[in-house]
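Look for subunit A in each of the two complexes below; its partner is subunit B in the first and subunit C in the second.
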Partner chain A sequence: MLFKVEKRPVPSQTMVYLTPVLAVLVTMVLGAIIFSLMGYDGIAAVREIFFTPILNTLKWQDLAVKAAPLILIGVGLAIGYRANVWNIGAEGQYIVGGLAATGVALATHEMTGWYLLPLMALAGIAGGMAYASIPAFLKVRYKVNEILTTLMLTYVAVQLLNYLIFGPWKSPRSFGQPQTVLFNADQTLPYIIPGTIVQAGAPIAVIVALVAWFLMSRSIFGFQVRTVGTAPNAARYAGFSANQTVWLALLIGGGMAGLAGMLEVSGPFGRMVPQFPTNYGFTAIIVAFLGRLNPAGVIIAGLVLAITFVGGEVAQITIGLPFPAVGIFQAMMLFLLLAGDFFVRYRLRRVVTAASVKPASEAAE
Partner chain B sequence: MQNGSVPRLELIGITKSFPGVLANDNVSFAVKPGEIHALLGENGAGKSTLVKMIYGIMPPEKGEMRWNGEPMDVPNPKAARKLGIGMVFQHFSLFDALTVLENIALGMDGNLSNRELEARVREVLKTYGLTLDPHRVVSTLSVGERQRIEIVRALLLNPKLLIMDEPTSVLTPQEVAQLFETLRQLASEGCSILYISHKLNEIKVLCDTATILRGGKVVATCDPKQETSRSMAELMIGGNLKDVSKDASRTFGPPHFVVDNLSVPGDGRFGTALKDVSLSVRKGEIFGIAGVAGNGQNELLSALSGEVPVDRDDAILIGGQAAGTKEANARRKLGLCAVPEERNGHAAVPDFTLTDNAVLTARDRRNLVTAWLINRGAATQYAEGVIDTFSVKATGSAATAGSLSGGNLQKYIMGREIMQTPDVLVVSQPTWGVDAGAAAAIHQALVDLATAGSAIVVISQDLDELLALCDTLAVINEGRLSDPMPVADADIEQIGLLMGGVHGESDTTHMPKPVVEPEAPHAV
Partner chain C sequence: MSFDLIIPIIITLVGASTPILIAALGELVAEKSGVLNLGVEGMMLIGAVVAVAVMLTTGNHYLAIICAAGASACSALIFGFLTLSLSANQVATGLALTILGTGFSALFGQPYTGQAVPLLRSPFAPELAQHEVLRIFFGYSPLVYFSLIMVVAVWWFLQRTRWGLILRAVGESDHSAHSIGYSVLGVRYLAVAFGGAMAGIAGSCFPFILTPQWVERLTSGRGWIALALVVFAAWKPFRLLAGAYLFGLIATMELYAKAAGGNFRILPSELWAALPYLATILVLVLISMRRQGSTSAPACLGRPFVPSN
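Here is the complex of A and B:
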């Protein structure tokens, strides 16, 4: 039985939506095989990573906590990627957003009032945007590749974080620990479901994703982003500015990452610590692609990645799987997803070969 | 078939399909020795597929090919050349940095010393009266000269059958005449020529027999000298061809679109893209710009449409308003619409629906966007209006632009701009790769728009199109626009000279590069 690869007359819409599902399923199968070969219980690993977080209702709150920043950053990145702006430095923008919010929190530490959190949120957004505006300026003005600048600025952000919490922002009461003071009650996100650890970040992420979905599909702004991304010449012809789109894409990506940083530092962390960079900004790249660069899809993809994080922790405890195993699963998912996209434009066709038939099948160009 | 004489090439029941399209369906015809045989058909009729099979680039699925009466087996182009089949492609495969001789040596199957090769090249050039210096570097040659290299390449093999694929699409009228002379001489020596074209006038002048393809099938074989261009065109499109009706007594209004000494710098390597271009178009007038591809047409369209704003605001006046520094959408609001040459990815987004493609350019003039939100209802209604009015064959406004055939997409794009009733319309190659029926519809729509009082600029490489359509004509060469002349007393000879550059053959500073036109999309 022989197969021939041939181009589809039109890209398959079914495959566009089927590919992420297949990528996740194949990741489970391959993951089970790989970890079995490495001497672990591969099937149990897949069960713990992918199914325990769903089946165990106690883990749902963990999912919400992990998914929120992933969704928020993923939506921002998805919008940028739609415009062919490859911001892979959301981690840096997330850190600077968190730092900006921390700065406000430290400056207002003696104050109380409902306005502190909104003020910190604005600072977080502004911080992320400001940090993303560096690669935007370099790209628009000097045509510097944003992939390099955004990535490298991430490491700068990490150093900035370390400088601040080892230096000027170190809490005097921390016994030498590099961390800021704990934020006060009005600077900390409220729990929205009593008795759980779910804070306001989760609903904010979902609302932002839905608003983004609406704007991307219905507004002239979303239209502009999609046009610039798929057909730059047509965009210029339509009167959409490519430079303006680069700015918008990076500012939105940076702003959302910055907001995620603020929600994390004022939520689960409650203060700024060296462990603040949790790779959410990098994992969100996988989230954006797994969600097909569609803000609504990003919600689902954010949950899937959150499941692997939570499941990874479970597997660590129950079967002693090393935590980096989760990274392998996540990377495999992205890899298979991108490979699977081949089938959106191409398909396999069975070739009938019989000795009596003329070898017309060799016609492949 | 022909009282006893064995045909040089005979095709019997050739069939070939691609995913979603039957490219050749049971095609049979024969080419006699020494015959110039035209293969005629619209884009997508299956001409290219057929000659690719003859030249061994791809095998047929069904059917038989015979060479001098014997079954012929050509698994690859090398085998075809060995039989004596030469081919000159529409797109040249030449290295710009090498000399003529080096390019020819690279394409030879056998091993020949440079001196022997040069002697043979010079012999071929002499025999056929072709002028070409074997030691010139290709980048300094005109398109016509480049084509001669390809012809010499084919002639060195002493071909018994020469296949020419759309050879005249990039030539000036003088170069075309010279090419025909060479081909006639070849034919008189017994070489058969398979001449692929859709230019009916050329086929009438040159060819002995014409096989007409439509939708992959042979629909007629005829003597082009006995037929009229019209009758062949109707066989090609399988229907009646409508004439463009133009009211000769039309009067023009005041100048409405004025370009004053417009210069655009080139991208560095080629100096100036546009140099002191001035033109003035009156209301109701159709102003044509002729020229061989690559002489600044694309830069001109970008500068006029606003895709690339120019540095002087008063270089472009739309209805008296300075618009040189305004970008495309701002000019659209002033009443200027434009259609670039490339349909896919420039005039339309292939992945978008026709509705979204309506939003692309009609959003402001047709109020398709209210308060940042796209008004889907209005956009769909507008798209459907264009589809109806311009008889676009599509499954509806939700069809993607990429799913339409070239001609239908072009009709949609032209309709989308024309139905915005622009005061000024600038179009480039409005009927490139478009079937004759759709071309006639587009021409009529342009004339009607002009009659209603719009000023229209048509940039085209098709001189026949410009002569039929325009009131005034100018020629662009190396970024300079000639003085305008009324089409009524235009002199083809002079236009041809202007297209080739009036400053003569000695000037080799920069010659246009050959156009690389993307394949017309296959019908699906």
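Here is the complex of A and C:
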């Protein structure tokens, strides 16, 4: 039986939604085989990484904690990528957002009041936006490629973080540890489910994603972003400014990453520490693609990636699988998704060859 | 300034520049054929970890370098299959390759963490290699001489050979090249594999010239700087050499600032560490200002090619 690759007349919508599911499933199968070949228990690895976090209800709170920043950053990136603006430095914007929120927390450390957290959130968003506005300005004004500038600025942000917590922001009571003081109770996110570690970050992430989904699919803004990305000439004709879209895409991406930074530093961390850069900004790139650059999809994709993180920690303890193995599973998902995109645009068709026709014609004689 | 200060500075500078130069030369060839591979950082990490693993197992530097080149070329071919045969988005696939390389190297590097890797030292006799003054010519690792030979070789190949002409044609006008009967995808596969092999060799420079051990993410963004250098050099090998040494100089200044203390301490060490990245951004801006928007990028860079029958 022979197959021929042929272009679909229109891209398949079914495949658009089916590809991420297939990518995850094929990752499990391939991952089990590869890690078995490497001498690990491949099937147990897949079970622990992909299923234990779902089946073990005690792990659900960890999922919510890990998924929240991934969803927030992923939504921001998805909007940007839709407009063909390749912000890959969300990690840097996340760091600067966290630093801005820390700055407010340190300045108001002797104060109490309900308004401290909103103030920190605003600072986080503003910090992330300000940091993303550098590549936006350079792209619009000087046509400098945003891929390189956003990434370079991530390395700069890490140094800024080090400078602040090894220097002016170091707590005098930390016994030489490079970290700030612990935020006070009004500067720390409340726990929303008593008895768990789930803080306000998780519902905020979901609400932001839903608002973004509504804006992208139902508003003129979403239409503008999608048009500039898919049909730049048509967008110009419609009066949508490409420069304005670059600004919007980077400010939204930076603002969301900055908010995620604020929610992390005032939530799970509770203070600024050298371990603050957690690679959420890079993993969110996978989240954005796996969620098909659609804010609603990003919620699901954020959960899937959170599952692999939590599962990776489980697998490390139960079967001794090194944690970096999770990174390989995550990269495989992205590769397989991008490969699967081929079938959105093309399809396989059975070809009836001369050889397979012949017996039928002979039978007819 | 005396020789005993200048010579060590030059030797450190050349060493720091070499991985960026080798990786950028490979990327330049890939981009000349029209393929933008953002996976340089990941391929360098794969090369570095394979080099460390093979070196510590066999004790042979050259075998380690060849294996590093081979492993990174294989990873580049995965990228090639997706972007060329399946015409996937090159930006996204390149990012995926970097994420894969980061995970792969972290996983396979773990057992080797903290083990000393012997440096690959100058191939010349100690009288030359350690001579007070002459070591400025003879005191480098073979990888350094390789990088300089490759600058000339890549220039000669692209500008003076028929194959180089075909490669440039594929990058400038894929459909014309296809219609005169050249295999656009075949040429691009070879260029991508070459870029991968060079990134792998560049990765092996880290344990063999710079830090004689495995450290997670030891390339620390040098692959991205290599990508920026290709833009800076306007896709010309000799300008790549100048650019790489400029960045080597900045990285060397950082090392000396950290070691010397004293007068260099006017700036915090974190600012020195951030300087190569800030300089990269500045250079990209200056280049773009001078060119007034028109770039010398290959016309088909980043565009998928689907052969029509």
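The rule is short, and it goes like this: the second predicted complex is superposed on the first by the 354 of 365 C-alpha atoms of A that agree within 3 Å, B and C clash if a C-alpha of one lies under 4 Å from a C-alpha of the other, contacts with A are read in each partner's own complex, and residues count from 1 in each chain.
Note that in this section contacts are C-beta pairs under 8 Å (C-beta built on N, C-alpha and C of every residue); 3 or more make two chains touch, one makes a residue touch a chain.
Everything numeric in this text was worked out from a predicted model, so none of it was measured.
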| item | value |
| --- | --- |
| Fit-or-clash call for subunit B and subunit C when the two complexes are aligned on subunit A | fit |
| Partner chain in contact with A:223 - subunit B first, subunit C second, else both or neither | first |
| First (subunit B), second (subunit C), both or neither touched by A:63 | neither |
| If touched residues of subunit A are counted for subunit B and for subunit C, the larger one | C |
| Subunit B versus subunit C as contact partner of A:9, first or second or both or neither | first |
| Partner chain(s) touched by A:326 [first = subunit B, second = subunit C, both, neither] | second |
| First, second, both or neither for A:285, with subunit B first and subunit C second | second |
| Partner chain(s) touched by A:236 [first = subunit B, second = subunit C, both, neither] | first |
| After superposition on chain A, the shortest CA separation from subunit B to subunit C (Å) | 8 |
| Overlap of subunit C and subunit B interfaces on subunit A (superposed complexes) | none |
| Footprint of subunit C on subunit A - complex, ascending | 86, 88, 138, 142-145, 147-149, 151-153, 155-156, 159-160, 162-163, 166-167, 282, 285-286, 289, 322, 324-328, 330-332, 334-335, 338-339, 341-342, 345 |
| In the complex with subunit B, residue positions of subunit A that touch it | 6-11, 218-221, 223, 226-227, 230-231, 233-234, 236-241, 358, 360, 362-363, 365 |
| Contact set on subunit B toward subunit A in their complex | 16, 19-20, 58-59, 61-62, 305-307, 327-330, 332, 338, 340, 342, 345-352, 356, 359-361, 363, 369, 372-374, 376, 400, 402-403, 524 |
| Complex interface listing, subunit C residues touching subunit A | 38, 78, 81-82, 86-89, 91-93, 95-96, 99-100, 102-104, 106-107, 110, 220-221, 224-225, 227-228, 231, 268, 270-271, 273-274, 277-278, 280-281, 284-285, 288-289, 293 |
